[in-house]
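Pasting the structures in now, so scroll down.
In what follows, chain A forms one complex with chain B and a second complex with chain C.
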Partner chain A sequence: MISKWIGKRVVMGIIVLFIVSFLSFFIMHAAPGDPATAFYGGNAQTLNAAEKERISRVFSLDRPVIVQYGAWLWETVQGNFGYSSKEGRPVSVILFERLPNTLLLFSVTMFFIIVGSIWLGTVAGMKAGSMWDKGLSTISIASSSIPPFWLGILFISFFSVKLGILPSSGTEDVGGDGGLMDKIRHLIMPAAVIILTHVGIYARFLQESIKTESNKYYVLVARANGVAKREIQKGILRNASIPYLNYIGMTIPSFFGGAVIVESLFSWAGLGQLMVKAVMTKDFPLIMGGILSIGLLVVSSLLIIDLVMYGVDPKLRKGAYSK
Partner chain B sequence: MLNVDRLTIEIDGKCVVEESAFSVRPGKITSIIGESGSGKSMTIAALLTILPLGAKATGHALFNGRNLLDASKKEMDAIRKTHIFTIFQDAANSFNPSVKMERQLYTFSGGRRGDTVQQFRTKMTGLLDELELSVDILKQYPFELSGGMLQRCMIACALYVAPDLLIADEPTSSLDRVLQKEFIELLKRLNEEQGTTILLITHDLDVVVEVAHEMVVMQAGKVVETGSVATIFKQPGHPYTKRLLDSRF
Partner chain C sequence: MKSRKSLAFWCVVLGLIVAMTVFAGLFSTYGPNEMDMDTIYQPPGKGHVLGTDHLGRDVFSRLLEGGKVTLTVAGVSVILSFIIGVLYGGISGYIGGAVDVIMMRFLEALITIPSLILILAFQAFMQGGMWSMALIIGVTGWLVTARIVRSEFIRLKEAEFVKMAKMFGTPMWKIIFGHLLRNSVPAIFVVTLVNFTGAVFIEVSLSFLGIGVPSAIPSWGNMLFYAQNDILIGAWWIGLFPGIMIFLTILAINFIGEVLKDPRRRRLDA
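What follows is the complex of A and B.
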């Protein structure tokens, strides 16, 4: 049963990746500019017409876009992402250099967002009408209204420029030992910006789910029959976690979108910063590799969330939603 | 067993039950009857101190000499846990959809009495069998069972707990005629075999005449008549009661 369910999700994920790559490929080629010049990556002024034609012929840029996409897809499914037109190195090598940093930033921020929002949302949701309840509504609006890049600049000017206690950019000190502490010092500000701009809204969603669940009929019946408060709260939390997990799943793609901005701001050498650079230099193979990698991260994250939901929600396990 | 006097319930300043008074005698089935909005369910919510936010109850509701309306939260938890069992109208939504029936039936019955899970299983298996429910339902979730099965599960818990007072709030309104009849028989059995006092809230006069000994008639938040079912059916004293009785097919 579960293997069939996972199989379905994986197939859906592959279809999503295929659609994303297809759209990205065509949108990139629809962008203004000469593909040969973009592919050359250097100073376009130095290319003459013959050289442009030669580049187009050698790299098949003169063929229809659909044929180019087919060729790219064929190579990609065999694990060949091509070469960066800017750096001349294999795209896969560049991606693997960047992937650990993005994974580190993503896992650390997601961990603190989930732990923080569960704590805040539960306390506020379970104490309806309390100061926690009212306070969280205000805090969540404030935190989700702050633009990450603005908060990032504020952090840099305060913690790096004024106090000088945290590095303003990079993933490790130049000439440093590259150890754990060095990494953590560089991670603090970008991670804090992402956490602070997300935790409030996630907590608020859980708070509302708990309040909705607390008013359900079965809670009234349990209360009327003297079921222990702890037992009732456990049931409420379990059920409230289902829409909460759904919400996390729905916001994962935009979460990655926000992380791209923060990576660029703090020059965090991750996939997001790489993507921004690749777009600026029109490095098509690298852009496609980056999009596919981020797409894969999103799809994998959603699969993990789906698996957790499968464990939490018996209706999903029993196929009750499809009946 | 239960004496309600001058019970008034206000929601956000608006009076929904006014100065109502009635008694529930031990070992009897007393029915509160009235149309929708007459304040029947709100009265029960006040007795169980589970009124919605913004609602306030005043007056007296003496249960075995203790006024439920001014009982502390701890006292009320203890009373609800050990002396009163309540069956609600909507059986399909009376259970947590994400928790298996065994766990929920245990918290509603064996857990209340401090029984071990093993003791609960033995006793509940017998009760389920009596109620023509398979023991397999213990391994199922509420959404896998019908409304009728879930209502019988609640009855099983009531039989298990054998409370001093069983409150049944419109328990048959979501059941079909066959299940309604079965349910009424179960209530009678509970009353006759275990001597359980029952407070039955309904708007169905057929149910009242079939099962209740005494009745309380409510209209627009007020108790307009109380007495034995036989007497009131024979000679209704209030015009509203008369109209209710005349409305029967």
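What follows is the complex of A and C.
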């Protein structure tokens, strides 16, 4: 049962990645202008007509886009992402250098956001009408209205420029030992920016769904039957966690999008910063590789969330939604 | 009652910001691109209310002009995403059946792609002016609108009054616009507000990275792009004020959306 269910999700994920690659490939090829120029960016002026034609032929830029896409797909499926047109190194090597940093930033921020929002949301949701309840609504709206990179600029100007206690950019000190403490020092600000601008909105969502659950009949009946308060709260929390998990799943794509900006601001050597650099240098193979790997990250996080939901929601296990 | 007061307050805040930026020419004391190398990096004070930047340009005047650009890009893109979303969601919801299933599957796939990533792909090869920026944000921002419109249409299609109208032989376009679309307005309005804040965020973020609106045009994001370096030498005012403007604009819209989202204010609960 579960293997079939997972299988379905994986197939869906692959379809998504396929659509993503297809769309981005076409978007970039639909761009007006000479394809060789687009490939070589600023260096294109130095090429003469014969060279341009040779480049077009070698990279099969003179063929229809659909044929090019087919060729690209065939190579990519075999694990060959091509070579960065700027650096000349294999795209897969560059991506693998960047992946650990993005995973580190993502898992640390997601961990604190989930723990923080569950704590805040539960306290606020269970004590309806209290200071916590009212305060959280306002604070969460306010905190989610702050552009993360702007908060980052303020952090840099205070903690790096004024106090000089945290590094303003990079993943580790140049010439440093590359130890754990070094990494943590560099991680603090980017992580804090993402956590502070996101935790409120997730907490608020959990708070709202706890409040909705608390007003349902089963809670009233349980209370009338003298079920212990702790047990009732456990039940409420479990039921409220389903929409909460759904919400996390829904916002994961934009979460990754936001990380692109924060990574660039702090020069955090992750996939997001790589993407921005690749866009600036018009490094086509690298952009495609970056898009695909960020897509893969999104799809796999959604799969993890689905699995957790499968564990939490008995209706899902019994196939109640499959109709 | 409290919610009505807060609605009025935030509408006034938003209205002020929009008015100040639309009529930027009336309020600004200098030209937004007027350089004066004798007065670079002047802190806020006499002459320049909010100081000057690295080229001696007046921050206040650029702030107003930049707001015009940012809000125009966001506004145009939201109108575009609204049109696409209503068409897509409307067709899917109205026709239903296999068409609906296919269209929704496609939408589900698109929705898992971070739109910022697609926009980056767009920007890589067609970095143009502010209009192309608005176009790109609009083309990638209609997904949630489509989903909401579709679910509203499906819900309303089954409503008594729509069935009745059909029975009386009301023309299809009249049913779609007069009954279905008109009754979906509250839900669409809230989602459009959310889209607007999203569009502001995207314009500002991309310009901040230096791959958005061309740097010759002042926008809030472009101002922050230069502020990155200025802040390292202690010129805090260049980055602080555009950020506050973005924050206030989004805050106002979020609070307005919050009040309108409240089901007690709606005639139809969606």
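The criterion applied here is as follows: the second predicted complex is superposed on the first by the 318 of 323 C-alpha atoms of A that agree within 3 Å, B and C clash if a C-alpha of one lies under 4 Å from a C-alpha of the other, contacts with A are read in each partner's own complex, and residues count from 1 in each chain.
Assume contacts are C-beta pairs under 8 Å (C-beta built on N, C-alpha and C of every residue); 3 or more make two chains touch, one makes a residue touch a chain.
This is a predicted model, so every value here is computed, not measured.
Once the two complexes are overlaid through chain A, chain B and chain C fit side by side, free of any clash as defined at the top of the document.
Once the two complexes are laid over each other on the shared chain, residue contacts for A:A224 go to chain B alone; chain C is not touched.
Touched residues of chain A, counted separately for chain B and chain C, are more numerous for C. In the superposition on chain A, A:M28 makes contact with chain C only, while chain B stays out of contact range.
In the superposition on chain A, contact is made by A:D313 with chain B only, not with chain C.
Of the two partner chains placed by superposition, only chain C is touched by A:F256; chain B is not. Of the two partner chains placed by the overlay, neither chain B nor chain C lies in contact with A:L245. In the superposed model, A:G295 makes contact with chain C only, not with chain B. In the overlay built on the shared chain, the residue A:V276 is in contact with chain C alone; chain B does not reach it.
Here the smallest spacing between CA atoms of chain B and those of chain C, following superposition, is 15 Å. No residue of chain A touches both chain B in one complex and chain C in the other. Here chain A touches chain C in the complex through residues 12, 15-16, 19-20, 23-24, 27-28, 31-33, 38, 141-142, 144-147, 149-150, 153-154, 156-157, 161, 168, 252-254, 256-258, 260-261, 264-265, 275-276, 278-280, 282, 284, 287, 291, 294-295, 298-299, 302, going by the rule given at the top.
Those residues of chain C whose C-beta lies close enough to touch chain A in the complex are 106, 108-118, 120-126, 197-198, 201, 204-205, 208-211, 224, 227-228, 231-232, 234, 236, 239-240, 243, 246-247, 250-251, 254-255, 258. Interface of chain B with chain A (complex): residues 48, 50, 53, 77-82, 84-86, 88, 90, 93-100, 107-108, 111-112, 141, 143-144.
Residue ranges on chain A touching chain B, taken from their complex, read 128-129, 216-218, 220-228, 231, 235, 238-239, 242, 312-315, 318, 320.
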